[in-house]
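In order of appearance the chains are A, B, C and D, and numbering begins at 1 in each one.
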Amino acid sequence: MAEFEPKIVAFVCNWCTYAGADLTGTSRIKYASNVRIVRFPCTGRIDYMLLVKAFDEGADGIIVSGCHPNDCHYTSGNFHARRRWIMFRSLCDFIGIDIRRIKFSWVSAAEGAKWADIVNSTVAAIRELGPYEEYQKVAKKPVKEVING
Amino acid sequence: MKSDRRLVRKGSLEKLFEVLKGDNRQVYAPFSRNGRTSYRKIEKFSDIATDYIQTTQSSKEVSFPRTEKILDYSKNADGMSVKGIEPDQIPQIMLWGIRPCDAMGIGELSSIFNWDYKDEIYNNRLSKVTVLGFSCSKTDEYCFCTSVGGNPGNTEGSDILFTQLGGNGDYLAEILTEKGEKVIALSPELFEAAGDIEKEKFLADVPVKFSHKEIYGKLEKFFDSEEWVGQSLRCIGCGACAYVCPTCACFDIQDDSHGKLGSRVRCWDSCGFSLFTLHTSGHNPRNVQSARWRQRIMHKFSYMPERLSVYGCTGCGRCSRACPADMNILEHLTSIKEAAL
Amino acid sequence: MDELIKRAKELLEAGTVKVVIGYENGSADKTRALFAIEPKDADKLIFDSRCVMNLATYITKAEVKGKGKMAITATLPVMRAIIQLASEFQVNDSNLLVLGITPESKMIEFKDLAEVEAFVHKYTIEIEAKYSEKLEKLDKMTPSERWSFWIEELSPCFKCYACRAACPMCYCHKCTVEFNQPQWIPVPSHDLGNLEWHMMRAIHLAGRCIDCDACYNACPLGIPLNLLTKRMLIDAKEHFGGYQPSIKADHLMSTYKPDDKDNFIM
Amino acid sequence: MTNNLYMPYQMKVERITYEAPGVKTFMLRFVNEDDQNKFDFRAGQFGEYSVYGVGESTFCIASSPTRKGYIECTFRQTGKVTNALSDCEEGSIIGFRGPYGNTFPLDEWKGKSLLFIAGGIALPPMRCVIWNALDLRDNFKDITIIYGARSTKDLVYKHELQDWGSRPDVKLITTVDPGGESPDWKGEIGFVPTIVEKVAPSSKDTIAIVCGPPVMIKYTFPVLAKLGFSDENIFTTLENRMKCGFGKCGRCNVGKVYVCKDGPVFTLAQLNKLPDEY
């Protein structure tokens, strides 16, 4: 069987991390190709439901990344986001969603190398954890034919 | 057919259960969890709940699951492939321990699925169900089966009806249908000859509170009554009453997709939800809770009798027991009976 | 509660309020909401330990609100809910009068919502011991065990939305679960649909839930869904210094501190 | 399974016509020839159209039963399913099940004049009857169509309107709401009820068929009454939310009347007997 290639969805803000990821490319830094990037105006816009949807659709891991504190293009979007992440992470943990599969980071437009590191380390970590079968079993479970057994 | 009456020893029930479980058959029976009782697949006889007047959920979920696939589809290079559900995917089910009111509900639910268009998905599933009813020896203030044409020892809808003869006694088994006879054939030795048994004296006493004909007559002229507004003021608009009801059949059709694969499902819905009848334009024919509550009562006691010749209520009282706002259907029906026009 | 009946009658007779929301005896040994509109209706008002339904859920209901100014019999959880609703601009002094019932079962009439808030702030929201134990037990499990626990616990849920209907904080005309473009939460009740619905509900109540257990009491299937909101409450205390409903202060989840925890961020 | 009521016919979107902003007409052909041969419907009936993975939506069949081999539907992009339908391209496969509901009694109308009054997106259900009647033109006396929309660009079936307008055996009056006219607009300007009053069609031996937004219908009925139309000779359709289309899902009923089975076509006399819940 071919080696497991993790599917990772990255939710990033337009102003810092997306530009940072761009810099990774223009700097010709090679990094794992397992990431699908979704660009948002700001981390403050990243609804937690989007992260859940990523797992629904088969992601093995998630990266959420935006501007460093005090660098937000909209002044405080990332601070608000951080509060939500704290609660969301805790809820996920409580429900039993494996929070090692959700990585949060601050990556500025100048940190091309950091972006490559984060992607590489996340891919390595998820590769270690394996496919997120526990979640997929629930997400793809065919609708129960008869009442709960 | 005239029912065949047999005696089943108390100790034989477990043996019967073991026999029923085998050979591609599943036994669904009441199971208690978190203080609530509902029907589910049972593997061990001792898991069957016995200490209940009425289960929290009705047995409707066995023949009309809350979420039920109606077709599968897959998108592929040549376009689309769509497949229906094959009836042989549905197992034979022994529905154990349902009350006579629930058994009567099966008939009412069937009328909804079979007036005019015949719903084969429902019929197929129901054809696989054998109903082993248990008469009621206990009742509470929510029960009113006798007011809507039922009674605690009603045989309607059951394939076999068991009546326990006294608190810790043996059971009278009335074999009512061919399906019931097939059960006997599985282990005839458990069904002994029964002498003259007066079943009625072992049944619970459920007083008659109104006659459904009386309610029907009243409702014909009751549509514009102010009574609905008063009754529904404390209704919080959830779907608990509809979902525990043995005869509520309203449903939604939804698509569930995962990438290129998916299925279309039929899932329960409730007339109590504010968005139930909402049009895309924003117009809502039943835009207040009183209209929705009226629909619930009228549907069961006026529209169904008129269109399908059956009532949509078996008097099980589940909706009242489950209601978080204590809407009591018996009380509301009684006040409709007494209200001035 | 003669005092309560007397005051309710006065308010209705004087026309100060159009409806008094309180409790009356219901079926079996239950109590239920009473909406006294005529002064004589107030005779049915009761109050005792069985009165646990959170009546604040009615003050945002169009059919009740539409009657005019309301008075409400409010226990501590109801008062907390009222303050939270006031901070979200759902009620105000012009449409609501609070007839408070203290934890010692004394009636006190509040002049305005600011007084209610001051009263509410005398008490902190504490998780009951029996729930703390359950939560601790869950915390000790591995994530996989918790996952199985919740999938199993939520599996009976048939999405009647009684939890939402009974919750005073769930007053939206159209809930996230009903938005279908995109379809955030699967409509059918299966494992995924149930899981996402309860997660969504918990997170939307983070920093707003006043811990009245109305959702749990309403659930016809007895699902312990209040554990989710209780956990959110504990987290709010741990990370943001606790939650107390307040008309003027910032909402917990729509504000921030520059030094919020960030040890989990790379 | 032999008889799965919920199993749609597979339909190929053969042609897409852009009618007005957000409004499209799909010409649908049966993928399976057998289905096509068995399929039959009457004017006024509706169906459930579905996009796999998105869901089903209810609207009328807009083509005439006299045109065999295909069906057409016209819809406005408003919800989840109509948006997904709108994203379909020619050649896409969609689902269709039906036909459901009752029909316009064209047989009973033989030898009478027909007056069609429609507003906005309500022309599609009527188009089915109009073409049906035109294809059997000899069965009827005068045919008059009064059609109005908010503005000239909101008029649907622009080509067919031209076609009908140029036929000597049809009297077509189009109108747009005041302010909705374009500089080269040659039709009437005014709301539909006003125009009906102005045109004052004769009620003698005439059937009036009215479809449109509730407010238009509300003001048109009194005008028709004034012109001498009896309630039995005024027809309209009700549109309620539906899921199944065959009387099970429980949401389209108005009192004891199920719009999906007893409707969608009603006479004004029938409507007057219904409780006010639509």
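The definition used in the following text is that contacts are C-beta pairs under 8 Å (C-beta built on N, C-alpha and C of every residue); 3 or more make two chains touch, one makes a residue touch a chain.
The model shown is predicted, which means the values in this text are computed figures rather than measured ones.
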{"item": "Chain pair showing more contacts of the two, A-B and A-C", "value": "A-C"}
{"item": "Geometric centre distance via CA averages, chain B-chain A, whole Å", "value": "46"}
{"item": "Centre-to-centre distance between chain C and chain B (centres being mean Cα positions), rounded to whole Å", "value": "32"}
{"item": "Between chain A and chain D, centroid-to-centroid distance (C-alpha), Å", "value": "49"}
{"item": "Per-residue multi-chain contacts in chain A, two or more chains", "value": "56, 139, 143-144, 148"}
{"item": "Multi-partner residues of chain C (each touching 2 or more other chains)", "value": "156, 188, 190"}
{"item": "Residues of chain D touching at least two other chains", "value": "79"}
{"item": "Contact pairs between chains, per stated definition", "value": "A-B, A-C, B-C, B-D, C-D"}
{"item": "List of chain C residues in touch with chain B within their complex", "value": "26-28, 30-35, 53, 57-58, 61-64, 156, 158-162, 164-166, 173-174, 178, 186-190, 193, 217-224"}
{"item": "Residue numbers on chain D that touch chain C, as the complex places them", "value": "79-80, 83"}
{"item": "Parts of chain C lying in touch with chain D, wherever the complex brings them together", "value": "180-181, 183"}
{"item": "Parts of chain A lying in touch with chain B, wherever the complex brings them together", "value": "56-58, 139-140, 142-149"}
{"item": "Chain B to chain C touching residues, read off their complex", "value": "33-36, 38, 56-57, 66-67, 140-142, 229, 232-234, 236-240, 242-244, 252, 254, 256, 265, 267-268, 270, 273-275, 288-290, 320, 322, 324-326, 328, 331"}
